[in-house]
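Lettered A, B and C in written order, each chain numbered from 1.
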Amino acid sequence: MSLAAAEAPPAPRRRWLRLPGREARRGLALVSPTFLYALMLLAAPLTLVVLISFWTQDYLTLDRTFTLANYRTVWLDPQESPLYRLLMGRSLAISGLVTVATVLLAYPIAYFVAFHVERNKALWLFLITIPFWTSYLLRVFLWKVILGYNGVLNSALMGMGFIDQPLTFLLYNANAVVITLAHAWAPFAILPIYVALSKIDRSLLEAAEDLGDGPLRRFWRVTLPLSMPGVIAAALIVFIPTVGDYVTPRLVGGTDGLMIANMIQVQFGKANNAPLGAALSVSAMLIVAAISLLFLWLNRRFSRGGA
Amino acid sequence: MTDDRTRGRALITLDRVEKRFGEVAALDGVSAEIMEGEFFSLLGPSGCGKTTLLRLIAGFDEPTRGTIAIDGKPMAGVPANLRPTNMVFQSYAIFPHLDVAQNVAYGLRRLRLGREETARRVTEALGMVDLAGYGKRAAHALSGGQRQRVALARALVMRPRVLLLDEPLSALDKKLREQMQVELRRLQRAVGITFILVTHDQEEALIMSDRIAVMFDGQIAQLASPETLYRRPVNRRVASFIGVMNFFEAQVTGEAAGLIELDVAGLGRIAIPAEQAPGGVNGASVSVGIRPEMLTLLFSESDRAEHEVSGEVVDAVYYGDMTYYDLRLPGAARPATVSMRNTAGRPILRPGERARVGWGRESLILLA
Amino acid sequence: MSGRRGGPGWLRGYAIGYLVFLYAPVFLLPIFAFNDSAIIAFPLRGFTTANFEQLWATEAMHGALANSLKVAVAASVISTLLGICAARASARYEFPGRRPIIGFIMLPLVLPEIIVAVALLVVLVQLGFSLSLWTVVLGHVLICTPFSIAVLSSAFLNMDRSLEEASQDLGEGRVMTFLRVTLPLVAPGIVASLLIGFTISLDEFIIAFFLTGTEPTLPVYIWSQLRFTAKLPGVMALGCMLLLLSLALLGAAEYFRRRSARQTGSTGGYL
């Protein structure tokens, strides 16, 4: 080795040129099968859906010229768009209601398990999750049985003499959809809130009490703010998937309770108009993503200002 | 600097070892030799790089620059499983799915010793750490002290050239810790294997080690025997990390015939031998250190010392066997701490009382 | 604060009421399954096991069940393998893009299933694949993998990393360390992941509805039966059996999770 080479200063390493280290390479190699699977069967399909939404279909042949026609049909067309907009709006409204109801109903139970169950926490969590593991289709169907004209609820109320005629506002409308979905998504709301609550350092609550807060003020000023991450997670976990729910509106929604997913299914199925279905899907996803981001942003602003 | 190297040959040679995590240098050019059969400690506050160095020796990480050689063989590229080192982990890392004997026998499998020889060596190792008869015990049924012993047996059964101990006693309570310190030292003498101990506890390092490397900020500040480290620390940082030290401001007024003449604020003019400046003399303004036990209160008129000054008691803290006094000495920036053994008939002074303090010049140390 | 242990009375009462709400449909299932009536409504008519006996004779149901079992086994095995890779990578290694990559893999957890189903359908049709049980498996792996990762991540994270270092320190290489230490310690997590993946796949409807060819899975079969009032008592009986199967599988999953927790000394679960 020549002296000049030995004394040459080492080339300055650039950050963006630096190759990943041994550990990083191992990690990347290990995650790559799963990542590739997700790329091929999630990213690529989603991309294709977006592409197709800009194409048109005539029976079985796809016309691949770029067009906004599908989006015009969904949002502007005087004949068709009112229906799509109605379904979209109703999906969002129902999902919003379901989210609020589920989170409000779930919070006390999460609070109960986190703070007042001493020994059997695991048992309670297990009990809460069991119904989630029974057939989704049958659970939804059984709500139809409960809420129906000759259903369990009506029979019981009539049997006890509270009503003379069966109540008809229970089934085949948006109410039924909200109740059924609030039931189906309960564990997904309870668990994140429970995790957030159980992470709260108990001495913080004692400190609040020590500094003069009663139970309500302490809850409002310490417990609730500290559990907000769980509430946010619960809200998003419930809101995003329920917008696209198909089974529940079909079974218990009647015609007044149908949602956007039912229309998407029709476009891909009977109507044989995949591009329009794709445009509906993309529109729904964009709206949901926008609402979720807005929600996260508002929460961040709120919690920063509040703390 | 005095060389306290144990006689024998170097087993581990560290040459300008450097370890960077991103932009942060955890080790910044460490060179040292660790001798065959010695009990060597890496001592320093958390974040000083001592654990990083131990992990580099074990082979869990590779140095960014510099070389590590064990037994003359460079270790670059040699993974942990092929190095003649074994480790006692801070968490003990007892395999929870195996019982005690299976834990101890874990590494023997590769040696293909045969069932009987394996069992013999496991029994021997368990006996060595006072766990004879515990072989069938489940890992989760062990106490902290027992886990520590299993970890030790599991490493020793491999008959390593070097045993690495990463804060092995920090999880134990005080009494058990003190007992284990003595036992570990005795065990090391018995098996004759080189031990490298990482600890942040200066007392532990002093009690157990043949030599100690004191580390700050990824560098070895001083490498010496416990006694040298205590009596002749090279700088203020080492001096105050190990034991308690009083510091006084001083001016160097002259150097002649192996003596350094000093004017010490609070203690007066004095000349000390040059060897009492292990870090050398840099500039005219220096610090002088003296341990609390090297200062003596002269209680009766007839008590005499080589040098003495008088001051006022600011505070007295009673420890039972000892009393620690803080004394304000005229001219000194801070009160000086003096420790006195509470022997029979010796009074305890109260704050406000005046007292004479005596010391000998050989107990002073000049710090850079 | 009144009674830290039991909590205020109203909170406990609410909790019990909530459980009743959660279990209402589940309780009805056996009631109607054993009810001797062709319509699913009160009042009850009498006890019968005819609905169960009828199940034995329904060939179409047997075919659907066999299809579902095949799909569920394939989906749970593949998703657990993929989950092991991803969970191990994210728990053990730091690599560029770790969070976005894992986040993307977990995306099906919050994506409406109909979107997943539609997207897969479109791509499979474009590529000219014919729909079969395998296309259902592809979709089910996608939605089961996030659950596998969630279960396995906690198994990998709960494991003290120094255990693997100790194995290497005692002379074992990378592969043997994985086999002798890592695998036994995460085995309960793997079993739990298999069981959960199996249960999810067995119950999944939308993706199967879109991607199944001529061979229906059990939920698709049930969906087709829900339209015929006469078939409903039989469906109730089938639902009962499925419920028992789910409970058995979940009980097994919980048992393995607890065993794992005991072994690694951790108390936290993946729930």
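In this text, contacts are C-beta pairs under 8 Å (C-beta built on N, C-alpha and C of every residue); 3 or more make two chains touch, one makes a residue touch a chain.
This structure is a prediction, so every number in the text was calculated from the model and none was measured.
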Exercise. Just say which it is for the chain contacts: an open line, a closed ring, a star, complete, or other.
Key: line
Quiz item: Highest contact-pair count belongs to which two chains?
Solution: A-C
Quiz item: Rounded to the nearest whole Å, what is the centre-to-centre distance of chain A and chain B, using the mean of the C-alpha atoms as each centre?
Solution: 57
Quiz prompt | Intercentroid distance (Cα basis), chain C paired with chain A, Å | solution = 18
Quiz item: Which residue numbers or ranges of chain B touch two or more of the other chains?
Solution: none
Quiz prompt | chain C residues within the chain A interface of the complex | solution = 1, 4-7, 11-12, 14-15, 18-19, 21-26, 28-29, 32, 39-43, 81-83, 85-86, 88-90, 92-96, 98, 101-102, 104-105, 107-116, 118-123, 126, 138-139, 141-142, 145, 149, 199, 203, 205-206, 210, 219, 222-223, 226, 235-236, 239, 242-243, 246-247, 250, 254, 258, 269, 271
Quiz prompt | Interface residues, chain C side, partner chain B - complex | solution = 160, 162-163, 165-173, 177, 180-181, 184-185, 262-265
Quiz prompt | Residues of chain A defined as touching chain C within the complex | solution = 20, 23-28, 30-35, 37-38, 41-46, 48-49, 52, 105, 108-109, 111-113, 115-116, 118, 122, 125-131, 133-139, 141-143, 145-146, 148, 150-152, 155-156, 183, 186, 191, 209, 215, 236-237, 240-247, 251, 261, 264-265, 268, 274, 277-278, 281, 284-285, 288
Quiz prompt | Complex contact set, residues of chain B against chain C | solution = 58-60, 79-82, 85-87, 89-91, 93, 95-97, 106-107, 110-111, 140, 154-155, 158
